[in-house]
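In what follows, structures are represented as structure tokens.
Shared chain: chain A. Partners: chain B in the first complex, chain C in the second.
Moving on, here comes the complex of A and B:
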């Protein structure tokens, strides 16, 4: 964290409530200032100003207010918003959720930047265009990730979302180049943290990984900060150094709970399920920091990971995330139960930017029509399967049975793959064609006739 | 009046309370602190004024100076709007720096514009008279119209280029510039509202054939995330038959705005020969830009539209998304401690929605021209819940509802406009308009289509229980008809050069052709041909024709339909 040039401090603590600390008799304190809180035992905590009213300032204490008593506390205001030092020194480092080293190394040096960032002028953005190849067939074929996109993974507890996220982080390439990875862990268990570090070891050893880890038993309010530090560091590496940076943020549900906790302590009027009304803007302030800038080489691609409580996609966190991000990858227990990894529910998944990142001149000419046809056929197969459950598969028409066979083939040959396996896009698309060959030719209405003849021969 | 000054008392995000301001009125603009952040007065109690700030208020503290301006929140309307992007307060984004900090310089527009006066010294002018035209980059003629209140005789006309704020001519002793300052929240005056219905052709078949919108009406597009709201709105922005399009990105994605700007610059406008971007004004307040400016962006958008309407143009305002705007209202109401109504939204939500949608209209302008402002607002219901306050509130103030269906979108049926739930209150009047223009069958085609789609849905759920093979042959043909209507007519591929937009003639030919094929199939089964034979006939040619012939090629469609009909006859 940044060095403090402390101005005068104040010691008149009037109230402590949840993560909030109210200090009175202050003067010259501005909204959103960063503060350092000295406790009588010599330890130090940090806070952000949420409100100033006359001579009162309300702070949220990042480390929580445990064991603070009103007497003997000294609050020093820094006169500016919270800043973090950015620079290439971050590569290879492991820090806690506030950006302090956990790896025994020195504090990270570099220029200070405000963690809230500034909005990027939309007219100066470069629309994302280049496909990111992850080596994961189902993603590359049907929900292509694009450089500068924000594409979340919606999961439920117990699904292999961290496996998929780390597989993407380890293998993703764009135009043949790998990504630098900033991983922000929020509320992860220690077992998950160990797993992530293990999976990304190669990137870490190459000095291409930044880890910010807030464990499940770390202070909750600190999580409000973790993604902001990660993104501030990533923005600098991308837009000022020209790196392609992939930011993985997991788990956004834990983050949103921290935001809710602060809101509840402030007695704010809740919107849905106790979450504050500004959760959309708050999440947007994070996700929108992805992208590319005209005339600059680097990019920030964001892959947030979130677990949907009880698998409910209408829960505020996945719902608002879905409204902000450019698509979503949904993992489904039903697919996992059929033994498919990655268990992507392809019909609920979508990459909005795929149409500008895939297709002629970008991936392969047949990519978009093939993806559209596979999805349309899977939608029809799902109907046929539901019907088959009611009336028995033998009562289905021959066409419907062909769709069921298609689904089996496509899941087995295209979607399923190893957790460390990388597949070329050409291989994936050829597998898609092989699966489509199971269907009667007249059903392939999403594909131009000439393309069908080229790939499957004349009927 | 002496403009008063005061001091900041309390800061809570965009909510600021100040002491000591006297003589200010509600909705006056006040400047805060050393960075002179703009804020609007939203509450007054004695010496205490409550303000909503339009920028990040970090660092603002009790004791900072504030200054009243005596003005309402307003924008400068003049040449230089078309083809450009602005933020929610109508400050230019094109040319602004990469990172939008509150202290950025806002250029006053020092470009000098060449103009052609349309009046000479001695001419009588009234509000609405065209005083001059300013040639801009694109095909839209920028007409400088005498503002409300300007009435008299022209006494002087500048003879060289002037900037937008310099006097361009004088009426009696009043200077008139090329640009006009107008308060964003105040509707611009017009002579009268017109009630007869003229459809706005959108180029999207499902809308033009089933759920049309009239010029000057309002429509809403509710849909959960991933249902293709933004894509549908972008298609309307590109292909609708409007003279000017105002696209308001209200709390939406930055990448999307970049995409809109880039794409519009590439697409030629076939109606005028220019580029689409030259008939478009973009107002971009992305989701990470200051929240309260998002609230203002909707009003900025409609004010720009009314400005072009007053020149005599048909203008379409697209607001994506009104839910984000409502959330900004809610956010602020919560901070001021207002009692919430439903789901935390303020009790004024319905009246705020009405104030926005009611600015739509087809009118006679002060200058006597017929012009319109059509408003299309996206609604993003949380969790796809169509009973939430913004969705239900909006439905009361609009004429057409285009409901997007998640199941259709998941099956990649785009545009995913649902046929259960969408409505068009002007459909009959639009039918009469088509009948008067030589297409009397428009109304019956629409009726047949909606009936077939509803029947096909009913039979599909029945078939899920008893199996398709247990249905009688004519009902199996209805199922086939539903599929054909969806795949061959209602779906539209936004990426295809042929299919992205569709003329009224091609749409009529396509729908007419498919209905003919359905009739032919019914005749076949009535004559004893097995339903399975009909179902397994290869009709892929019919499904592909929308992509294989040009956007206006009704002949091509008719020919293909005739071929398919001929092949069906061979089955008999």
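Moving on, here comes the complex of A and C:
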């Protein structure tokens, strides 16, 4: 025991306000410092310093301030920011949003790392490369995810985005060894938590999954920490152990609402729709932690899921997310209404880095032309469907009717798949070719003739 | 038979022939449609049966996967619970061992060192008193420094366990 490691308890608690605790007569306390709060009944809570003014420190209590009264409370500051232990001990574990075990096991052991983390140095970034195959046909074929990319899923409440997120987390893989998944669930109901655990059990049992689950009724500050803890764990596994790590974060709208709630408790000036003005930099601080680093083998790929309230894509959360991320996958109720799962609106979806991960030498030579042709044909099918609504399908030209038949075929045979089904990319591309066969050959203008002949035979 | 009837006879025959032809055609068309309907109904029935079989197989597969997943989770939970039990037991033993320090010959020197730390941190005016389980507790104003032996031992044990890369191997 040295004088430096002995931690003084400060007992001058002046105020308790929502999740905040104000303690006076403190010195040597810094911003973002982690603190332990000893309660009179012997229990312990934890807090983060939000502000320091003279001898006053404002703490955010991670477990909330319920049932705390100012007398007999002692606050001990740790002299460092909130840290999380990182290492392989995380594999196969299930923790809450603060990183505490939910599975009945001991706390996670390993090296301490600050949760806040840092975005990657732009000059040391390696461009994303090589595909992460999700096993979901529509994503792998048309919006290929690339190692080190951040590709959000935009959804609306009531859509099966959690099913899709867990399917990706359960099935995704890369060409090499050492693919791992960190799933951070935020604001989930207890039924959703049980669902996520069931869906990901196989990968968890294989020691390839880290599960962080923040429930809807957990304190909001915990929700603010959850993605940071997930990324801190992922960074260690990726950049120090060399694994390819996919971080799935669902639902980031719930996270942003927690940020708003905390900002309101701190009496910060609200900006658009009550969210704090720094929401953009806050989200960027999370999303920019993914990528690849020069000279290191691993990668962090991020798939955040966010729900757009009332389907409003101009809502601050999807709007700001769209500025930072490299494309988006949009789920559409009208596609779901046609009975297609996953209900991806492919014409609104885009993976900006797809060319870095798909095509010759990466996936298959025909991947990019087939994707381009399927998208072009679907765009034409949409026009034909709109025209058909006006004049009747029977009044459409033979070619337009072929495009409608193509859309039906491609949705049924390529896009639609079971919620537990994982498809190989080769199978998906073959299905795409089979759907394209519905169209007259003269319409396949984006495909080289030799490629068409190879896959569809002579006309 | 009147003359006009003779004259209309070809017309009658033509109309009757046309009507017979129409009846024949309608009959054939009806037959074709009936056949087509029957073929379509059979195809629909086969499709429905196939879909129902596929749904049933998928549901069965999902249910089996769920049962297997829950069994694996339960097995994992048992292992983790045992690890946690051992961890708690280890910490308890360290705390008990620390309590034994009170009877050792070095205890007065240890307490003196702890009192020194208290005064270093809280100032010379700190009130230092012995803690119930050994060690000392110091206070000055609204500040307190708990250097009781059980707390110090627990913190030390937890720190060692958390720092270890894999304490269970």
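Details
Operating definition for what follows: the second predicted complex is superposed on the first by the 424 of 459 C-alpha atoms of A that agree within 3 Å, B and C clash if a C-alpha of one lies under 4 Å from a C-alpha of the other, contacts with A are read in each partner's own complex, and residues count from 1 in each chain.
In the analysis below, a contact is a pair of C-beta atoms (placed from the backbone, for glycine too) under 8 Å apart; a residue touches a chain by one contact, two chains touch by 3 or more.
Quick caveat: nothing in here was measured; it's all calculated off a predicted structure.
Looking at the shared chain after the overlay, A:111 reaches chain C, while chain B stays out of its contact range.
Shared-chain residue A:437: touches no atom of chain B or chain C. Once chain A of one complex is fitted onto chain A of the other, the partner contacts of A:74 are limited to chain C, with no touch recorded for chain B. Contact with chain C, but none with chain B, is seen for A:25 once the two complexes are overlaid on the shared chain. Chain A is touched at more residues by one of its partners, and among chain B and chain C that partner is B. By the touch criterion stated above, chain B contacts chain A in their complex at residues 9-13, 17, 56-63, 85, 93-101, 224-226, 249, 251, 253-259, 261-262, 284, 286-291, 324, 327, 330-331, 334, 340, 343-344, 380, 382-385, 410-412, 463-469, 487, 495, 532, 535-536, 538-540, 543-544. Within the complex formed with chain C, the chain A residues making contact are 1-3, 6-12, 24-25, 74, 85, 87-89, 92, 101, 103-112, 197-198, 201-202, 204-205, 418, 420. Interface residues of chain A, counted against chain B in their complex, comprise 27-33, 50-55, 80-81, 116, 118-128, 148-149, 268-272, 276-278, 280-281, 284-285, 288-291, 293, 313-316, 319-320, 322-324, 326-328, 347-348, 350, 352-353, 355-356, 368, 372, 375-376, 379-380, 386-387, 390-391, 395-397, 399, 442, 444-445, 448-449.
Chain C makes touch with chain A in their complex at residues 58, 61-62, 65-66, 69-70, 72-73, 76-77, 79-81, 83-84, 87, 113-114, 117-118, 120-122, 141-147, 152, 161-167.
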